[in-house]
């Protein structure tokens, strides 16, 4: 059985992360899965006329990187996702490299619950997305 | 210029939705984009041993359907996503048909801001995901 | 029940459209689905030696955007596609933004049939594909 | 240089074909590329209530198989697609195996033009799609 960190193995301040350069392919596949053909994402002619001057990634695509860290690293396999707050702070452009980090803020042992600060930054160390996740830790 | 509904055209109680049957293809492509290879999503042998008795979709994949409705329908193109709260209430299994709905809860004209209740239900009318979105409405 | 426009709601001159920038990702996925590995589409070394000086999208991929507008917007869900004539007028290059438009040309109420002019243009307003569609309108 | 059959090598009655079983993956990827989320294709709960009793493939997806044969086999690489008429005769269900065939009907040497009958049948030998293609043959 593949298992992540149990509540006993998690401490306030623990951190983990993942990084990915977001490509046109990512944005197009994501648009295809969700049906989100908002022209800001898939229409270059339109997007050049917006304040962003080109196509941007779906905010929820970036958020998927947070979910990756939670489900694969901290706490890891067996984690149950209860809730997520997301604040979209800046656009992610095609070609941006995103660093998605989670940091344990609170460990509620009697409820097997972990609260984590979740932050995504771009290659210029600017926050593009932040918020908070609440999860149930994996159990043996 | 493609434009969605401006703040003047949006009223409390306005609703819109999208629907999609979530397939193995969706889950696998989504795993590939985000790198979220949590075995709950892509390891059938492992997943059969979990409380869900099989692979489930990434919660954030389902959330992408909400983003679709916001960006394409209500308010539509030109919308800027400020924040989203998500509560994952039930797992989404491969083969479930998701109805993702947004409903305007508050219109803050002076800030061009719209607050929407966001709800995803499965084919049995069970809530799988709910929460709240805050967006800036499109501007001419 | 999701339903598009019935024959009573459709009038000669009604129009709708969609837009998308066609990317390498689209062309490669489309090649994978159809098996159309014609080197004009997926072989850059070959394609540079053709009159088009680079890879072009499959004509039938562009045609899919017409089908999107018919099936989702005008007439919308419930439409039955009877026939389509396509004239490929110009190549679509990777990176071109396509505007696919349908316009009602004839409404044949007693047969529940709609004839539509279908036109795809690129970002320079050049027609890349045109023709005619015949559909059955959705019924309650 | 990869080259298909030139006009001198093409005769009335020449035939070629391809075959593919259309899967849910094909339909979902195709929906993702074209944005055609018509519920008939991607919403199983909805589709069960239609006359087709389940999700069907996009007609234009099937048409892509014809384009494959033209561009890869007869006439093959170097072919320029001028026009295509399509008549959608029957739905293609997920799991159907499609045989897409082209047959030379007319060779217009002075214009380098070939007219071909194009037919797609399912595994029960029922015509699902037919029509006519006009192409320019490859040139050395």
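Per-chain numbering from 1; labels A, B, C and D assigned in written order.
The working rule: a contact is a pair of C-beta atoms (placed from the backbone, for glycine too) under 8 Å apart; a residue touches a chain by one contact, two chains touch by 3 or more.
Everything numeric in this text was worked out from a predicted model, so none of it was measured.
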Third chains touching both subunit D and subunit A: B, C
Fitting subunit A to subunit C on CA atoms, where both chains share a sequence, rotation angle to nearest 5 degrees: 115
Numbering shared by both copies at the subunit D-subunit B contact, with half separating same from different: different
Chain centre separation in whole Å, for subunit D relative to subunit B (CA means): 35
Rounded Å distance between subunit B and subunit C, as computed from the means of their C-alpha atoms: 28
Subunit C-subunit D separation of Cα centroids, rounded to whole Å: 15
Junction residues of subunit D - those touching two or more other chains: 28-29, 32-33, 35, 37, 39, 43, 46
Topology of the chain contact graph, where touching chains are joined (line, ring, star, complete, other): other
All touching chain pairs, where touch follows the definition stated at the start: A-B, A-C, A-D, B-D, C-D
Residues of subunit A touching subunit D in the complex: 28-29, 31-33, 35, 37
Touching residues on subunit C, where the partner in the complex is subunit D: 1-2, 18, 20, 26, 29-30, 32-41, 43, 46, 49-50, 58-61, 63-68, 71-72, 77-79, 81-88, 131
For the subunit B and subunit D complex, residues of the former touching the latter: 18-21, 23-26, 29, 95, 97, 123
Parts of subunit D lying in touch with subunit B, wherever the complex brings them together: 24-25, 28-29, 32, 37, 39, 42-46, 55
